[in-house]
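Structure provided below as structure tokens; questions to follow.
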Amino acid sequence: MKIHEYQARNLFKKYGIPVPDGVVCHSIEDVREKIPNDDKLRVIKAQVHVGGRGKAGGVKLARTREEAIEKAGQILGMDIKGLTVEKVLVAEAVDIEKEFYVGLINDRNSKSVTLMASAEGGVDIEEVAKTSPEKIIKLSIDPTLGLMDWQARKIALQLMNDPAQIRQAASILSKLYKLYIETDASLAEINPLVLTPDKRVLAIDGKMNFDDNALFRQSEVLAMREVTPDEQKEIDASEKGLSYIKLNGNIGCMVNGAGLAMATMDMIKLYGGEPANFLDIGGSSNPQKVIDAMNILLSDTSVKAVMINIFGGITRCDDVARGLVAALKSIHTDMPIVVRLSGTNSREGLEIIKEFGLPTVSTMSEAAKKAIQLSKRKV
Amino acid sequence: MSILINKDTKVIVQGITGRDGAFHTSKMKDYGTNIVGGISPGKGGSDVGGIPVFNTVGEAVKATNAEASVIFVPAPFAADAILEASFAGVGLVICITEGIPVQDMIKVTPILKQNGTKLIGANCPGLITPGECLIGILPSMIFTPGNIGFISRSGTLTYEVVNMLTEAGLGQTTCVGIGGDPVSGLYYRDLLEMFENDPATEAVVLIGEIGGDAEEQAAQYIKVHMKKPVVAFIAGQSAPAGKRMGHAGAIISSGSGTAEEKIKAFTAAGVPVAKEPGEIPGLVKQKLGL
Amino acid sequence: MKIHEYQARNLFKKYGIPVPDGVVCHSIEDVREKIPNDDKLRVIKAQVHVGGRGKAGGVKLARTREEAIEKAGQILGMDIKGLTVEKVLVAEAVDIEKEFYVGLINDRNSKSVTLMASAEGGVDIEEVAKTSPEKIIKLSIDPTLGLMDWQARKIALQLMNDPAQIRQAASILSKLYKLYIETDASLAEINPLVLTPDKRVLAIDGKMNFDDNALFRQSEVLAMREVTPDEQKEIDASEKGLSYIKLNGNIGCMVNGAGLAMATMDMIKLYGGEPANFLDIGGSSNPQKVIDAMNILLSDTSVKAVMINIFGGITRCDDVARGLVAALKSIHTDMPIVVRLSGTNSREGLEIIKEFGLPTVSTMSEAAKKAIQLSKRKV
Amino acid sequence: MSILINKDTKVIVQGITGRDGAFHTSKMKDYGTNIVGGISPGKGGSDVGGIPVFNTVGEAVKATNAEASVIFVPAPFAADAILEASFAGVGLVICITEGIPVQDMIKVTPILKQNGTKLIGANCPGLITPGECLIGILPSMIFTPGNIGFISRSGTLTYEVVNMLTEAGLGQTTCVGIGGDPVSGLYYRDLLEMFENDPATEAVVLIGEIGGDAEEQAAQYIKVHMKKPVVAFIAGQSAPAGKRMGHAGAIISSGSGTAEEKIKAFTAAGVPVAKEPGEIPGLVKQKLGL
């Protein structure tokens, strides 16, 4: 789960990580009300769940209150990669002496939370990682001991020189780790972390993601959830026991199991088609799940054909086929559908589907080819 | 021969009185798995279909000398169940539960290492030595004894491929579903080593997925240490790259994790990578000179 | 640092440990205002920093509001072991099916936090520990792993039978441990933890102590501090860099170092005297410390003689002697004082004291004997 | 010979730029202690009275091969300083700082064990091998080389007794102040073992205090393992029993911790217990047949 920059800022503040003053505004009126009439330099930042907002014109400087209102007006309502900007963060712009990068992530390779830091912070950090990986400090944190103060200090010492700044930076790292662990985050970044000419260390921009599996014990995090329409579809699906991710193709897929679903998409692509989605219906023959899944696929107007790919394991194919038929009977659609069943009692299952009148095949490659062929027929 | 489990392996079930636990316990027992007990706190002394129930893993191990435990408890309690088994001295823990918070698994990892506990999963279908012992939720009927070792991150894709192998006359020594969670127990590398040392295994099929570098590490291991042939397949070649995790995700993966990289690593290690699952049995036969 | 039962209850509630309803009252008017007019059975409990309040009559049952007011009136103002009762806890009395004991303590022997529990809870728990130690379950908790849920459950399983009660009890243990760690406690007890006939598990009485060394990072705990006059004296002393504990004898002791101070008290006792206090002035020749220490001793009216016992280490005895003389010159008292100096430059030091006109000795035993002798002269 | 430290021991000082750290560093150096460096984050590269300053213990160890570290940092940061030294591979850490929260020391304990680090203190005066090496804040002039091992929980009482020994012609191999905190590093038992194995030590003086069972454990160890004579003194015989910690305190100590119990334990182990400090030199001479 993602949150906005201003929400990450709020968490930072709660954990004692210093950030520049700022307010979130939902409208021009809001800006007018919240921003005093002074000539402080401010930065107006679009709050959207997508990267690259700077290049898209979603971040602007303002020298006066009037300018802040004007710039906020330009950004609010703006479309950034398909998302409408509904909020802006209006924050005090600070003088920057040096920019750093600091990040925490769940690292599957080291099976630990890994801290990364670099004295070369800012927008080009990924470029730095590619061209000068030695400039990225990495520390795999022992989960039972946590980030020890001397470790945080050791990293701060590689970023800064002055003892007082080192203390500030080390303390920010410790607090960020505490925040990360206590909120079940999967990513926490400060980029840039800056040093100001008056020797303060501040978090200028923050980004946090959270582990969906842990939301059951993170009600405060969950309360910050804000979803795009596509994400809403995924969440609705997940509440029905379905795992759904929308993609850009035109062949709808309905598969049991994530690995098989991925392999199915690969197969479609291999034979020249484009999958419209990832959709895992899990392991049961419950007709309701098939109905729900079918409704999701049909609501995507780009879908031109549907490929159903089921492997019968403990649930036998004939049971799955009966469930499919029951479900398809209740849905009235002229969408071309191809069904592939494999595994336990697949022969009996395919017979049941064939009787119902749908095209059936017994291998994944045939199914993919057939679905692509059907998608071309439909205009 | 086989790896990790065989017909003598004494197995206990954590969460035996739950819906899934009870259902799959009976399936495992039907298959011939040597289920010696189950755990359900407060229900110790009772039994489930003739299997004695204990209050704690410690009591169960004391009474039965169980060597393996399979976990069906809900996600919020699963990591603790893994620890309970580990501290009770269970050497092999198979965690079926899906949806466990990543931090829980990160916390568990070094403790298991310290205690010398092997973990399979979480979020995995389990493992099977066909004809001898099934631990987990695998559909037993598609497996058959033979000389192929099998490792996979996914569930139904495993079944799909195993089914093809079985239909092609390629039986299995042991099939292991290692689970698809970001942080899990045994990885490919660990299991490849076991298969390499298992006299009965003559070739290994490895089903990978995008994300992480477990496949790259496996390829490296194969290149340096393995004499037995390995055939691979990587799922997710068509998955969009878009779902990345901030800058940190890009930095830490630094290019690895894509299907392309994994296929490159395997190819460099002399491992043929199937374009689609259907090719796998043929590639295995070719490698075995059949 | 100690807190009252009602304060421990508040912490329990904050951490989700169930307690019976109750309010703390400072006066009869307070009881009148806070207690509704029903005929619920209530228990009125004196809130004092001392054990054995039950036997002293500080705990009474009340069947009605009127009775509650009456009983509170009896307890408020009562003297328990020298302390005046200024607050009562008026709590709902619950039916009890079974009483348990649960406690956490910093165990210096195992160098860990140790959890203790017993199915034989209640006032006689210490007797149980003595006569049937096997009835006390003990668990030394690994500090890096904390109290794992399965461990809490394992202990709960030894106290209760029903799965729902086991879950409640295990959860209480986990929460108590969390509270203990997060507040830097040195003791946390629930006695009794009870099982009610309607199968609830409740903390009826709670006791918590905290590590004084950790109060710098426990502002919430510190805010609960309430001190008796004797404790206030100890705190005042500690703010002046002195470690002071009042005792019941009549020979005031002023010593540098805790071990030496204890040995000094032992010596006084060995020769038939009674030390009036433990007083460690630490290691420096600063005259102000001696003045402060002397003022504390003189404010104790039972002190009949003072024994000053200083070992000169890095700070030499002649410097210490000059400091002593400077201090004693500024204090006007006819209190008999004996000074013993030992260690580096003790000869020179004793010479300085002798010149000032105080009796000096060079061994601890002589000093003790002399102080006892002097104490008997003073009436 | 001696235990733990000698003239070659390379010592670093954590908190060397603080008031106490700087003062005692110069005292130690004057005594002849081989101080090879100090630590002060952000001041690396500078020096304190000719001693090079490093930013981290790791850097200091790398540059100097330091084997021991003495800690003068304030209480809130002291436990972390101990850990830093331990993870940098320092084998012996002496923590002078007083007032460290007990939970911090409890957390540190198993980590030190895992890393194989020996800790003296916290809240201790340090240790000395007279004529060779002083680490801590002990007043050097009262110590003299000889054949007595010395262990004590307290500070000035140590000085008092050592002074008596020195004046009685009983020099010391090594004197160790183990510190008076409830949870600390090396206990009597550990040091008794070292003295028993040290050829130069012919007798040991042990100064105990009320509280805990370290003295009882020491007595048990002496009874079973020690051939060398030990003389003991217990401070706090007159301390009131009143300051107990709830029921839990009573249950966990279950009678031990009092001066009476400790004296009983030593007597049962054949260890003479002095009634007052002044008796100690005489008892030692008696045991040594002097």
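In this document, chain identifiers A, B, C and D correspond to the written order of the chains, with residue numbering beginning at 1 in each.
Here is the rule we use: a contact is a pair of C-beta atoms (placed from the backbone, for glycine too) under 8 Å apart; a residue touches a chain by one contact, two chains touch by 3 or more.
On a predicted model such as this, the values are computed, not experimentally measured, just so you know.
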item	value
Farthest-lying chain, centroid of Cα atoms versus that of subunit D	A
Interface with more contacting C-beta pairs, comparing C-D to B-C	C-D
Interchain centroid distance [CA atoms averaged], subunit C/subunit D, Å	28
Centre distance in Å when subunit B and subunit C are each reduced to the mean of their C-alpha atoms	55
Intercentroid distance (Cα basis), subunit D paired with subunit B, Å	51
For subunit D, residues contacting two or more additional chains	111
Where subunit A touches two or more other chains, by residue	144-145
Overall pattern in which the protein chains touch one another (line/ring/star/complete/other)	other
Set of all touching chain pairs, with the criterion as stated earlier	A-B, A-C, A-D, B-C, C-D
In the complex, subunit A residues that touch subunit D	145, 148-150, 153-154, 157, 161-164, 166-167
Subunit A contact footprint on subunit C (complex, rising order)	144-145
Subunit B contact footprint on subunit A (complex, rising order)	51, 101, 103-109, 111-114, 116, 125-126, 129-130, 133, 136, 138, 142-144, 181, 184, 186-187, 189, 191, 207, 209, 211, 213-214, 216-217, 245, 247-248, 255-260, 262-263, 265-270, 275, 278, 283, 311-314, 342-344, 363-365
Subunit A partner contacts - residues on subunit B that touch it in the complex	27, 75-76, 99-107, 109-111, 137-139, 141-142, 152-160, 163, 180, 182-183, 207, 209-214, 233, 235-240, 243, 245-252, 254-255, 275-278
Subunit B to subunit C touching residues, read off their complex	40-44, 55-58, 77, 80-81, 83-84, 87, 111
